[in-house]
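The following pair of complexes shares a single chain, subunit A, combined with subunit B in the former and subunit C in the latter.
Presenting the complex of A and B:
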């Protein structure tokens, strides 16, 4: 017998979680379920919430970052996901996120983008940032000491400081490379550093006699290098479970504000965001089934679902149920409304082979050139057609077929599975996931009321 | 007249580096100049096959004999560059019995050890061979790392007093009447190791004798002195798979044809190749059909290739040559022999010889013959010793076998490092400094990267060919940045940024030919990491106008 819900969200990243939360908020009594397969791509992501950092479609020259993303949204092309859902929905979605994130994120006090130092040493525009990075904003003019560790080759603090200077940052930045107390292995994982600080493990350190707590030991290692700077930046390893306590302890011991510089994968700020979302899903009563792929689906004629079908939509089928594979067992999941939030090329919601590009579960139409040599341009940072692969939605976010009709009457799509925008160039990934997840979830919730 | 050097070798591929080493070991004062990084031309763009000679055993027995002899020499002197994989010439139902018999007889004529295996026995060696492979000839083909081998030759030449200048492009030949006496080069930065963005200089280097070992580019060098060197560049494509579907070299047992070889190489397998004449070795089309043909045709031999992950494709240019008047129409019919063109004898212009043709496996024998020629010109009587003296890294094979947990590295990483470095492992890896892994895919540690920077300066592609860093599944998406970090503080921030950009673009170049499936996903992830997370596509440091920080959110 099928597992039955009102709304079934497929995909457990930022877009999927937002859609499930929005659906839950829209219809209090509805049963909402979220199914996920692999780990979400949040572990690859910086944890920053970008809305729009650069205007799309003008990569010929270096561009200035956008200070006010909301004004810039109006000039986006009609096909952009932000235009599909409308600018008001973007604002609503950000407000929705602010509520979920509570005091874990900052930036809600203004419409303006912040500039955040990256681990490469440049700065990037973003709309919301984890509180752990808040003291590090490049648009803040306090002098800065960056601290790197000789066992973490991803972040070279002196080089990043020199890069910030080259980028014209309005403060003096200096970098030092130190040995992390308590890390014996040259190839310890970032989670090991975080764990040491989370639990304030006893470590031996040359700068303090005998054993001491990891937080104090780290501060003691940094202290001699601090020279009047009022803030100190670390790679994003300052705790996993208790980042606020770690930062506070370091800050007290150093007598300076402490912040994290976002890093590449595995990204602790990304993983913390994931935890935050799953806590919220649990509080909202969303049922979460993880580790299971959706492998098939069945449709019914739209009319028989009782939808308000119009003459135009008589040919549009509805999804009756999907089949989920659990350790080889094929389990039907039935719902009234479905949200597709399986991600783009990275999350594998969009798939490809030598001949074509497809949406992996429902085979929704993904526009692409027939010759795969037209999927890319020669400059790695040029206008890459592949970066825009994804399904094309209507204003309800229902994926459209080649005939411009919705593929299914009760399927909406959100996040990176949507096409026609380049989140990497625009710095718009999280914003699109939030806005479209919010709208898809809300509409799905409304439709099953 | 006093010269800067006795012999000036043009070209830093296997031939040029082999000649420089040979002459330097004989006590001759040598300078080598190379336009780009060592191996930049043809050497770095081969499939990595160490020929047993089996490939030429029917069509060109002289070459086949030379191959098996040199194959045995290289196993001795370059053990850290060679993997003794063995090879199979496999027969499918449509391949003729007649040719199979000729191949087997040819191998035996040329003293190439050859054993016939049944289809079942062949599949015991290589389980992924197609079910309808009917039988195979087993030969001692191997895999060779052309980068490591070429660099080892250059290092040993330097050790014997040679000057090796990379990023030094020949812009003119110095000619006085009927005598060539040197070249003018343009240094990319200054003489010595490369520093990105450092302004270039030019230098005249005079020599008693010039050896033009620029391969497919030999005609262009000759033209600078109005000499006609009619080299016929021929392109071939190679497609790299992300894992080794086979651990043995797989050859198709049929007469010449495209897409008939798979070479296991380090963590990858390389599919090859095509053979098509081109007019300009620096500018030729790289086409989709060539890549598709590699996969589609070789899938007939190893069916799982159809579903496998392709990580990039690259093209190389063979320096084919045939003596004037031969008139061969099809480039696949041109001999793989090499030719020494003494321009004094041929054109009445003294002071230079050109080397054209040839193949990687026999580079040492070629270098020996050319060095003999040069020594005769110079009146040097020292004998060649390159067949007996191991290359740097291969002096002591025990080093390779010892100590899995040496140097405080995880075992698989220590093993890979040891394999790459051979007997140099202790020198490079014994450090009191922390030695984290910089490239996860290939298990390359900081000490190896630093050693490569010592050798080659801020040129990260030169670091790449010495270490394999950025050559795995992620094609540099995760590690290019980390590699660049290692340049600091020896090099300043701007230089590091330039070096990173150059490497990242270079890695992208080959990936473009593998953009589907997993690798397209990887490309998007790489793009997202560098553009979204790091904002490298709109880096304010590159902008001419100052960013107005005050317009942005400065915190609550």
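Presenting the complex of A and C:
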């Protein structure tokens, strides 16, 4: 017996989770399953939801961030995933995300990009941002103290403050580097900092004699360095399970607004977004199978589709079931509709060897130059062709074969497995995953009704 | 692999391919020329030798953020250090294994988290064995204690010969005090009780299998714990499988090796594994699938054996070993059979914890899905945190506090759930759940037995939902 569901989503990153949630919302009684292998790129991502930060094709370092991403979407090339699903779908997907995220995210009040300071002291144009970063927006003119820690060298607060000022931020910024109470080793994990604050563990405080709660100890460490600034920015380590409580405690003790500065990977705001999505999946009744890969598939046997269709060579095949590998045991999983959301080169949805670039499960067509030396340009900061590798879908997001026909009638693709966009250069990663995940999931749900 | 050389940061503009050798990962290539070689961005077939395995690491730290020990104890340097960094150091010169490897609980979460398939737990297991072999005195208290804990199976037969005496002696506070003082076994925990009749004794008394069926056969790997301590779990497995018409075989077997890996006793584990692979391969030859009721046993046979040993048939045994519920889900219409069944009040509300070792096998969602099919059961998942005990880990006095800190989240969620009964598939998680909450803890197979048994008693064999069990034999009567 195969494990049987109505919609099967393969891949549990932002695109797959969104697709599963959208399918669950479209069909009340359908059974939705999400199968995912390793952990997704959400854990590396900043937790910001970028729709479009920079126009593609402008690789110049001096390029200007896009103020209104929706207007800019219209001028994207026809093949861009945003154009495939249409601008309205992008708006619908963002609204869908706002509903799921509730008050954990901000930015829905405007179409315009917000400017969020990042750990390097640059500002990032983004459409939605975690509430923990909300008090730190660069468009806000309150003076700012940035606090870094000796044990977290990725965030050099004085340098970040200098960068912000040099970039013309409309406020005074100052940075200090302190030592984090309760952290001994210099490579403690971000989860360790968060756990200390979440549980308000007892720690030794240098300023006070004896032990206090970690939140109070941290505030006491920062307080003497606070001048007139009305907001204080910390690296994004302020709690994992209870971030709002941690921020509130710090803010009360400091008498200033508190915000987080998104960090490089591994990223707690990314982890929190992952938790938020997986909680939503559980509430929506989506069944999640994780830790095992989909490795193969079978199409519906030709003779079961009737004599007429067997004669017709051009009939689009349908997937009957896929095979999940569990340490060598082959477990069939069957569904009516499938969504492929296995990610790009980073998520391992798209693979490559010396000869060719492929999509790993269904071998969907991935256009690429035959000469591998054309996959790159010499200028490492130039637009890299390989960054755009991925499957090419029709408007329903069904991957197309070399003949421009859908590869399978019941397979749709979403997220970084899609080609023809460069999320890193144009800052569109989460937005494309949301929009295409939303459309692929909705269509899959509709198709199995 | 490809991403190993791909810079992973969110800094604009985009990731650039490395020019090769920049991070030392290509240091054993034959020439010193660092001419731009774009192809190095993409993977090459790598054979599974540990040191090259370290090169797959692209330092994303996903493993570190999944490590329950590093989250509560910053003395522990984390899996990225334990695994790839340590093995990289070893390649450069003959570095000693860092003693912090003994603080790893072998929960294997890092292993299944790594997006680049770095064989982390294989590295930890090998490092631990090397550390114990080369750096730990064979006369130290720690070594003796670990050897004892790892070889629980050798003591258990003695205890189970005189179970009542053993239970009393183990429960005495003086025994516990002695345990802590002389051996470093925490006095905070209650020793598990020994069953008055082991599963194998029961099986022999019963006359072995009650169902014979050439076409549907399983070989039951019961492991130590359900033989000596929770024999009701093992009996439940037999009854559930016989309900579906399976012939159950109970081959000779040794410990799965899990506690030995975790204590760096790789030679002990090898001996045990050799017996198991031989016996289980013979059963597979006879047409049986291997079924385990303990998630760590199945994990060990499926993943750790092929990673660490190469006996003939290791791979065959791994590929034919299944979790007890998973096998039924795939080979029978389990949810169909459970429809319209009900269980008594003792199981109406359950707080379920998925053991790390079942999570790592992709089985974490399964129990709730199966429980949902039974009328009147409200099973609630208490979240994805680690229970903290990890086999023998939480028994050691020096780890007790860490173990309880890790478990805190699970205890809180259990307290918040409606249920007063816990549910899990791992015997040591079960101890931790009971220790932290005082709840009674059941195994999923016990609930299935209650559901399927109740149904059969009412409707008689072969009728109703039993139809799809094929040749259900109505021989099971006790």
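Throughout what follows, the second predicted complex is superposed on the first by the 433 of 449 C-alpha atoms of A that agree within 3 Å, B and C clash if a C-alpha of one lies under 4 Å from a C-alpha of the other, contacts with A are read in each partner's own complex, and residues count from 1 in each chain.
The rule is short, and it goes like this: a residue touches a chain if its C-beta (ideal position, glycine included) is under 8 Å from a C-beta of that chain, and two chains touch if they have at least 3 such contacts.
The structure presented is a predicted model; accordingly, all values stated were derived computationally and were not measured.
Of the two partner chains placed around the shared chain by superposition, subunit B is the only one that A:150 touches, whereas subunit C remains out of contact.
In the superposition on chain A, A:158 makes contact with subunit B only, while subunit C stays out of contact range.
Looking at the shared chain after the overlay, A:345 reaches both subunit B and subunit C. Of the two partner chains, subunit C is the only one that A:326 touches; subunit B does not reach it.
When both complexes are overlaid on chain A, the residue A:418 reaches neither subunit B nor subunit C.
In the superposed pair of complexes, A:121 makes contact with subunit B only, with no contact to subunit C. Of the two partner chains placed around the shared chain by superposition, subunit B and subunit C are both touched by A:46. In the superposed pair of complexes, A:110 makes contact with subunit B only, with no contact to subunit C.
Legend: residue contacts after superposition of the two complexes on their common chain; A:289 is shown touching subunit C, with no touch to subunit B. Common to the subunit B and subunit C interfaces on subunit A are residues 44-46, 54, 59, 118, 120, 122, 187, 262, 264-265, 345-346, 348, 351-354, 372-373, 375-376, 378, 380-381, 384, 386-387, 424-425, 427.
On the subunit A side of its complex with subunit B, the touching residues are 44-46, 50, 53-54, 59, 62-65, 67, 106-107, 109-110, 112-115, 118-125, 134-135, 137-141, 150-156, 158-159, 162-163, 165-170, 179, 186-187, 262-265, 344-346, 348, 351-354, 371-373, 375-376, 378-381, 384, 386-387, 423-425, 427, 429. Within the complex formed with subunit C, the subunit A residues making contact are 1-3, 38-39, 41, 43-46, 54, 59, 61, 118, 120, 122, 183-185, 187-192, 195, 199, 241, 262, 264-266, 271, 282, 287-292, 324, 326-329, 331-332, 345-348, 351-354, 372-373, 375-376, 378, 380-381, 383-384, 386-387, 422, 424-425, 427.
Residues of subunit B touching subunit A in their complex: 288, 292, 295, 408-410, 413, 433-438, 445-446, 478, 481-482, 485-486, 488-489, 492-494, 496-497, 504-505, 508-509, 512, 515-517, 520-521, 523-525, 527-556. Residues 2-3, 6, 8-17, 36, 38-39, 41-44, 60-62, 64-67, 70-75, 77-78, 81, 112-115, 117, 302-303, 315, 318-322, 326, 329-333, 359-362, 364-366, 369, 381, 408-409 of subunit C are the ones touching subunit A in the complex.
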